[in-house]
Each structure stands twice: as C-alpha cells, then as structure tokens.
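Paired with subunit B in one complex and with subunit C in the other, subunit A is shared by the two complexes that follow.
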Partner chain A sequence: MVPRVVARKYAAFALLLPPLAFFLVFFVCPLGYLFFVSLHAPSESELYGARLTLANYGAILGDGFYLAIIRRTLLLAAAILALALVLGYATAYLIALLPQRLRLWLLLLLFFPLMVSNVIRAYGWIAILGRRGLVNALLGWLGLSAAPLPLLYGFSAVTLGLMTILLPYMIVSIVNALAAIDRQYEEAARSLGAGPWRTFFRVTLPLSSPGVASGMLLVFLLTLSAYVTVTLLGGPRTKILVSLVYDATTSFEWPRAAALAFVLLVLALAVSAPVFLLRRPDRAELPR
Partner chain B sequence: MSRPAAILLVLLAGSAYLLVLGPILIVVASAFSAADFFGFPPSGLSLRWFTSFFATPELRAAFALSLELALVAASTATVCGGLAAYVLARRQGWLASLAQGLFLAPLVFPTIVLGLALLLFYRAIGGVPLFLGLLIAHTVIGSPFAVRAVLASLQALDPRLEEAGRSLGAGPWRSFRLVTLPLIWPGLLSGWTFAFIVSFGELNTALFLTGPGTTTLPIEIFSYLQFQGGQLVIAAASALQVGLILVVVLVVERLVGLTRILRA
Partner chain C sequence: MRRRSFLKSAALAGAAALPLARAGFAADKPAEIVVMTWGGLWGNALKDGVDAAIEAASGIKVLQDRGASPVERITKLKINLDHQTFDAFQLHDGLWPLAVKEGVVEPIDPASPRLGNLKNVYPRFIHSHWVAQIFSAIGITYNTKLVKTPPAAFADLWRPEFKGRIVLPDITHSIGPDIIAIGALAAGKDAKDADAGFEMLKRMVGQQPIWVKDTDSIMNAFRDEEAVIGLLYTSQTFTVQGWGTPVKWVFPAEGAIAISWGTGIAKNTKNKDWAEVYLNLTLDAKTQPFFTKAFNYPGTNKGSLAELPPELQARVRYSDDELKRLVELDQSFMADHRAEWTDRWNRIVAAG
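And then the complex of A and B:
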C-alpha cells in the first residue's frame, strides 16, 4: 500500500496539474512563440519568413523614429507618475488619518472606477475636453470663447486622462502602507524635537516607501499597455510604443510587431525588476 | 497638522476624487440626455438612448457576448485560480513560490503583449474559434484574482479544522466539502466577482482577439468612439456597463462584506 503521505502529495500535484498546464500552454508558450516570431524576417504570405535574424530589433533600436517614440513613452510615464505621486500621496495621507469605517467607504469609492472599463473612463474625458465637451460648452455658454478650444488630442490630454484613470492604484497602495505604520514612531520623532516636516520626511515618508514603490510600479506598467486611452485622447498623432505594436499588427507586419512587443516587455522588466529586488515590504527600515 | 497644510491636503484630495469620479459621472449623466449631443446647460431627461441601444443589433449582440463571456470566464478563472491557490497555500520553497509567481504574473504583465502573443499562437496551432480564444485570454487574466482571494481565505483558515474533520473519519473530499469549502467560499466569491468585472471591461487582449460578428462591448464602444464620434447611444452603453458593475458590487457587499472586496 502507498503510504498516505505520498498519496496526499500525488493528490496535490493532480490538483495543481490542470491550472499549471493551462498557464504553461496559454501563457508561457504563446510568449515563447512571440519571441520566436520576433527573430524572423517578415514574409508576404506566412506569419514570418524562414530566415532567422535580429534585424527586427536592429531596425527598432537603430531608427530615430522608434527611439523618439520610446522616449515619448517614457516621458509620458514620468509625467503621469509625478502627477499621480503628488495627488495620490496627499489623498492617501488624508484617508489614512480618518476613522476605519469612513476610510473603507472612501477606498470603495476609488475601487469602483477601477472596475469600470478604461474605454468608458476615456470617453468621460472626451465628453469633458472634446469640441462639444463640457468645458467648451461651459465657455461658450459664459461667452468666454467664440470658437471651441482644441483641448483633446495631444500629449497633455493623454497625460491628464491616463493619470486620473490610474490614480486610484497609487492612492490605494499608499493608503495600505500608511495604515500599517505604527503611529508611535511619529509621536516618538515629535517628542524628540523633530518638527512636522522633519517628522514627515524622516519617518513617515520612508516608512511608506514600499507602498509608494508598488503604486508607482503598477502605474508605470499599466501606462505601457494603455493603447485604447492613448488612442482616444491622443488622436492619431500622439503615438507611444504600444500604438506601434498595434499598428504593426493591423498592417500584418508580424515579426516587427512581435519585436516591438518584446521591446515593451523589456522596458517593463527593466523598471520592475529593481523595484521587486530592492523592496523589502515587511522590513521598511527606519532612517538613522 | 498646521491649518494651511490641512487645507492644501483637503484641496488635493478633493480634486483627486473629482478627477477620478467626474468623467464617469458625466458619461452616465449624458446617457439620460434628451438632446442629440451633450450640452450645457442640460436639456431635459429621456431614456431614448437606452431604447436606441437595444434597437441597435450590433450593440445588443456585443452586450450579450460580453455578459456571457464574463460569466463563463469568471467561472473558469475561479476554478483554475482556486485549484492553484488550494495546492499552493500551505507549501513553501522556491518551486511553490515560482508557481505562485506564475499564477499571479498576469496581474502586472502588459496585457497588450499577451493579446498579440495569443493571436499569433492561435494562428500557429491552426485557429481557435473566436469565443474560445477570448475565453482563454480572460481566464488567464482573471485567474490571479481568484488565486489572491482564495490564498487570503486559506491563510486565515485554521488548518486544525480540516485535521479535525479528517480525524473524525471524513475522507479528503468530504472534509474539503464540509469544512474547507464553506469557510473559503467568500474568497471564491470575491475572486469570481473580480474575474467577472475584469473580463467585462477588458480591452487589451480583446483588441486582438475579437473579430467580425464576435465583438465585446468595450471594443464596440471603442470603435464607435474612434470612427463614429461620441454619439450618446455609446453613453447609454457605458451607463449600462457602469450600472451592472454597481449591482454586482452591491450584491457582493451584502454577501461577503466591504472589507473583503477591498482586500481582494
């Protein structure tokens, strides 16, 4: 007879097998295949040509147009991160001061927008900033401007819209970190003679840094794939890396699209790996 | 806190809430407009855009497809993620954490890359029916939510309860059904809910995997906005989606409570 412990171990693996197989076949394999496609020359009739080559990556990294788009992508992410950090930290700081019940309701009010599809939230910004949008209607009604202002379709519309779409992630991450801080640290700093600003910058901010780091990481990663928001608010001329991935697929340049997707993935990894490695969420250290 | 600092904080937080909630409220409000375009001041209320939404076959079909897809995908994701979490919850070591990382990866993975990868992969294996293709993508994306919710439930569960069940003579399946399942079902439900909501609004993989005749509601809204301008029938479609999510959230709040929604 098989010992019971061994039987239980096999039973556990039998239960793990279906989800594991599913993820290996439909998550890991497609990514491997995507990389494989990115290493081939394009073909007129097939998904990719027969020849193995690094030319797709060379064409992206050696082309001023692609590099400018990558720079713009990073610039957009930086602008969104800076705005979301200031607004998000202030909001989170206030929420963390409130009593438990109220805090939960305010957080739910932030969770709800995250559940609404991004296309609807981008549509909301079109309704506000568009030619017939709220701002222009209001200005016209007040008689402040004769012609509608072109507020939509540009870098700033994308920055504002995408920042507000992703802001709740930042706030929630920081609230979680702030709520976990033992208030006695701050009281100790104050009683040792530190002023409110010094206490904030030397105690509260460093202790909440894991929340800030994970919020910023999440916002950065979601900015990288926000094709629909960027397209709707930026118009055809404000393109970022993800727009090029999609454009390459609509013109059936599969190896080029695959290579662009991998450049995007490397960008995501390059930023997230150090954050994952450096962050020690359970051991935020006090500064000396 | 000093008075000016407090005022600044309240102003920043207030504008954050306004910027986050304002656009959604405006879309929902404009769905009830009586005029052809959203204007200011508003010009009376009507339900005409909802009527025209249900009178437009492609919008109605997209709504039905999204609903069906989200219901099925949330269930497959809960089974997939729930099984993984059940096995991995009490296991340590690098293999277990590697597996856990794999099942949680779609949470932070750029989904646009996954969409393209699946599109190419489906072609390479000779084609997959559109609905099945979307279902697979949404199951991958929804599973981490079930994994997280069920892991949290299992970690809060006292293992002695299961042992007690076993020592009183229940077999593994019976003790799972009578002891573990009733204790983790709130986790399963909140995981299911999140997978449902994510699938219902998902854009980045659907962008690649929908096709003629099989389009989800978010993609249909996107193509309307991109190619036909912001007609208010799209506001009605959006309002319906927001309303459905609100109903789901309120039902789950009644069933398992607020804190659990926030933790998942």
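And then the complex of A and C:
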C-alpha cells in the first residue's frame, strides 16, 4: 500500500502536469524552435537558409544602429519604471489606508481604462495630443501658445501613452502588498522612537518589496513588449526593439527577427533578475 | 434579403452563370472558399459584389479573412503550404513579387475556361500569378486652404514651408518603399537609383514628416490638419474631400506612380477551380463598379466604366496623357531590395 504522504506527492505532481505540459508544448518548444531559426542564414524563398551561423547575433550586437535601438528600449523602460514606481507607490500608499470596501472599488476603477483596447486608447491620445487636439486647443484658448505644439510622435507621447496602461499594474501590486502589512509593525516602530521616514524606509518599504518587485517586473516586461502604443504615438523615430522585430518579419527576414526576439528576451531576463532580488521583506527591522 | 440586394445578386448571378455552365471542375464543390483580403469598405465592396455573385451562382459561401495585413497574408499562406486553408488572396502590385518569390501563389492559366473575363481586361493588368481588378495613381494631395503655393511635382514635398506638416507612408506600409523611388524621381534620377532616393530620404527626415503605417492614417492626418501635404492615391483624396476637408490631388510633373490591386490563387488550394471562378468574378464588368463606387478606383475590365453613372465615370477616368505619364515601378526590383531598403530606411529615419 502506498503511504499517504507519497500518494499526496503524486497527486500534487498530477495536478501540476497539465500546466507543465502546456508550458512545455506551447512555450518552451516554440522558443527552442525560434532559437534554432535565429541560428540560420536568411533564405529568399524559405523560412530560413540551410547554413548555421551566428551572423544574425553578430549583426545586431556589433552594429551601432541596433545598439542605439537597444539603448532607446532600455531608456524607455527605465523612464516608465521610474515614473510608475514613484506615482504608483504614492497612490498605492493612500489607497491601502482606506477601508477594504472603498479600496476594492478604487482598484476596480483603476482597471476601467484597461477594458478599452490599446488601439482605441492610442487613437484617443492622438485626438488629445494632435495639432487640433484637446491640449493644443486649450493652450491656444488660454493664449499660452501661438501655434499648435507638436506633442505627438515622440518619446514623451509614448511615455504618457504607456503610463496610462501600465500604472494600474504597479498600483495594484503595491496596494496588495501594503494592505497585507500588519499596521502594528509601523505603530511599534513609531512608539520606539522612529520618525515617519525611518519607519517607512526600515519597515513599510521592505515589507512591501514583494509587491514593488512584482509591479516593477510587470511594468518592465509589458513596456519591452509594447508595440501598438509605441507605433501609433511614437512613429518610426521612436522605434524600439519590438518594432525592429516586426520590420524584419515584414521583409521576411525570419532569422533576423528571431535573433532580435532573443536579444529582447535576454534583456528582459537580465533586468528581471536584479528586480526579483529587490524582494527583501526580511530586511525589515521587525520587533522579534 | 432586401429587394434591391436580391436584384443585384440576381444580375450578378446571371453574369457568373454562363462561364460556370461551360467550365469543367476537377474537384467537388466546396461549401465555402476562404479569401484573404482587406477589411472596411474594401471587404464590404468585395462581399456585396464578388462574394454575392459566386454565392448566387453556385451556392458557395465566401469566408473573408480580413485580419491579416498584406505582408502577413503572405506569411499565413507560407505556413499553411502543406495544408492550405486559403483559396484566394488579394494584394497590391508591390507585394506580388514577394508572394511569387515565397512560393505562395499559383500561376495564372490564361487558357482556363473559368477565366473568361481575362479577354476583357487591359493586358497591362494581367500578370503571371495575379490579375489586377482596380487601379489608381499615387500623387500629391494637399490642403488648398493651408497651402499658399500649390505643389506641382514630387520635389515640392521637400519645400521648407512644409516642415512638420508632411504625411508619408512608413517603410512597412504597402507603398512604403515607393518613397525611395519617388525621392529618386524628385532628384531628377531614374526611379531605380536607390542611392539618389536615400539621399532624398535623408533630406526628408530634416523636414520632420509624419510617418504612418496605413492609408487610413494618411487620410486622418489630412482631416485633422496634422498634415497639409503628403502622398496619397487619387481615389482616397476624393474620400477626404467627402469628409469636408479642402484637399486636392495633383498629378506630379515627374509622373504619378501607378498602383493596382488584385487577386491571386493560394498555392496548394484544395479548391483551385473555384478560386479561378472567384478570381474571374473580380474581373467582371458588373462587380468592379462596387469598388469604384466605394473608392473611386477605375476597374481593369474594359467594360466596367460603362456600368457607372456618367459623373462617376468622369471622376475616375484618367486622360490618355495621364495614362501615358503613369510611372510603372519595377516591382520585382523593389521586392528584391525590400529587406535591404527597410534596413537602410530604419537607419536613416529610426536612428534618431
């Protein structure tokens, strides 16, 4: 007879098996194939040529143009991350202080804009930021600008567009972490003489760090893979790595597109690892 | 079905019935055929004209796949080659050489009994692997209220006063690579002089144009007055005029760029005979006016113009002189250089 503990282990494994199999078949295998494609020369008529080569990676990593695009991609991600973190934490802190029912309603409201497609949202921004858009009309009406300002098709328009999509992810992640913190820890720190800032940096922030880290990961990874908003609000002068992946597919340069996708993946992993290490609730100086 | 739609279908069925009666079919009649095409007004015109005609004549329903961009259509055909799920597809002239090169389109059989309309199509629109159903010209569109001195040539796009107010298709747009040929023409060189074209592109970047990915965005840029000048088809200029925007189309001194849209048969389709019937219906003098009415595009069937009301005929007809001055770009040459040009274009425009 199988002992109960062993049977439980098998049952747990059996439960894990379907998602694991799904992950293997629909993610790991295609990714492996993508990597295989990236190691080939291009072909005029086939998906990829017969010759194995590292030339696609060499062409990307040894070329100033691609490196400039990689820098722009990281800069955009960093700008969004910093803004989302500062604005997101402050908002989340206030929301976390509210009674649970009100908090839930506010979080629901935060997600309302996400129910609209990114394409529609981007066209909305075009209507707002365009030459004849709301902002320029308001500036003109107030006499603050003689001619319409070019607010679209640049880094700032993309940042604004992406922020409105990604900020809720950051806020919700941090609110959940903050709401789970026992307020007695903060009260204990204050009663032991710590000021509000010290309490925040020594207690609240470390305890909320898992939420901060998951929010940062979500925002960073979603920025790296954003395409519609970047394309519609940024135009070609704000192209990032994803844009070049798309361009390579439109000219049937599949191995180059695959290699660019892998460079993007490596960037995502390289930045995600240190963000993951930010999760340090053990750093909080809690009364033992 | 409303009475009007019924009568329309009945007339089209009549048009289709004769060739169908004589055509021998190798395979059983399918319940439906799948056609990859554009959405919006185009897809609707196709549905009301061609799809309705084949359904009325044969009972075959047409499933339109409108979800893929023109380039993505080629990709979808390519990955389905072993088990083809598509029967026919539509592209503009610039992408057909790529479709042929990628091996996703069947050659046209001019002797096929199911392609009877070929004899009524102007020969310049019949190609080895596809046949155009409508055509237009790319020239300059400008806002007559905001532009003081009207443009007369492609070279005028580079005039300093248009800085920041020019709308152009970006390199991933179907006609994106045409800007290189247009730049070369504007510099007084041959359309295939890519170096001259890219030099002009560098100068154009200094003009800070609005680069857009699709034709609707070009039209919207005119409507919203983001742009006062840009590249556009004759036909869509009429559409923008219809929105109340004061725009005018100019046939450039260097010659307008000819462009046509048409249909090919998906490689390895299981319903090749019926795909031919479908293609034939896109060339019918009775179905082409659906597109002319929707877009102001003239049809490629010599008899299609006669099916239109006189004022529409006058609007879409090109003069003999204009037809002579239409520039036919070497699409095979451009397709061969598409990857290289995309890369060069990105280095100039996207490098910032």
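By our rule, the second predicted complex is superposed on the first by the 241 of 288 C-alpha atoms of A that agree within 3 Å, B and C clash if a C-alpha of one lies under 4 Å from a C-alpha of the other, contacts with A are read in each partner's own complex, and residues count from 1 in each chain.
Keep this in mind: contacts are C-beta pairs under 8 Å (C-beta built on N, C-alpha and C of every residue); 3 or more make two chains touch, one makes a residue touch a chain.
The shown structure was predicted, so the numbers you read here are calculated from the model rather than taken from an experiment.
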Room on subunit A for both subunit B and subunit C (clash or fit): clash
Partner chain(s) touched by A:L144 [first = subunit B, second = subunit C, both, neither]: neither
Which superposed partner A:R132 touches (first subunit B, second subunit C, both, neither): both
Which of subunit B and subunit C A:T231 touches, first, second, both or neither: both
Touched partner set for A:L265, first subunit B, second subunit C, both or neither: first
Subunit B versus subunit C as contact partner of A:E44, first or second or both or neither: second
Of subunit C and subunit B, partner touching more subunit A residues: B
Contacts of A:Y153 with subunit B and subunit C, given as first, second, both or neither: second
Which superposed partner A:Y93 touches (first subunit B, second subunit C, both, neither): first
Subunit B versus subunit C as contact partner of A:L244, first or second or both or neither: second
Superposed model, subunit C segment overlapping subunit B, candidates 74-82, 182-190 or 254-262: 74-82
On subunit A, the residue positions that both subunit B and subunit C contact, one per complex: 47, 130, 132, 231, 246, 249
Of all residues in subunit A, those that touch subunit B in their complex: 8, 11-13, 15-16, 18-20, 22-23, 26-31, 33-34, 37, 47, 86-88, 90-91, 93-95, 104-105, 107-113, 115-128, 130, 132-134, 137-138, 141, 160-161, 163-164, 167-168, 171, 196, 217-218, 221, 224-225, 227-228, 231-232, 242, 245-246, 249, 254, 257-258, 261-262, 264-265, 268, 272
Subunit B to subunit A touching residues, read off their complex: 1-2, 5, 8-10, 12-13, 15-17, 19-27, 30, 37-41, 80-81, 83-84, 86-88, 91, 99, 102-103, 105-106, 108, 110-114, 116-121, 123-124, 136-137, 139-140, 143, 172, 197, 200-204, 207-208, 218, 221-222, 225-226, 230, 234-235, 238, 241-242, 245-246, 249, 258-259, 261-262
Residue numbers on subunit C that touch subunit A, as the complex places them: 71, 74-75, 78, 98, 101-103, 164, 170-172, 208, 210-213, 224-226, 338-339, 342, 346-347, 349-352
For the subunit A and subunit C complex, residues of the former touching the latter: 42, 44-45, 47, 65, 68-69, 72, 130-132, 150, 152-153, 231, 235-239, 243-244, 246-253
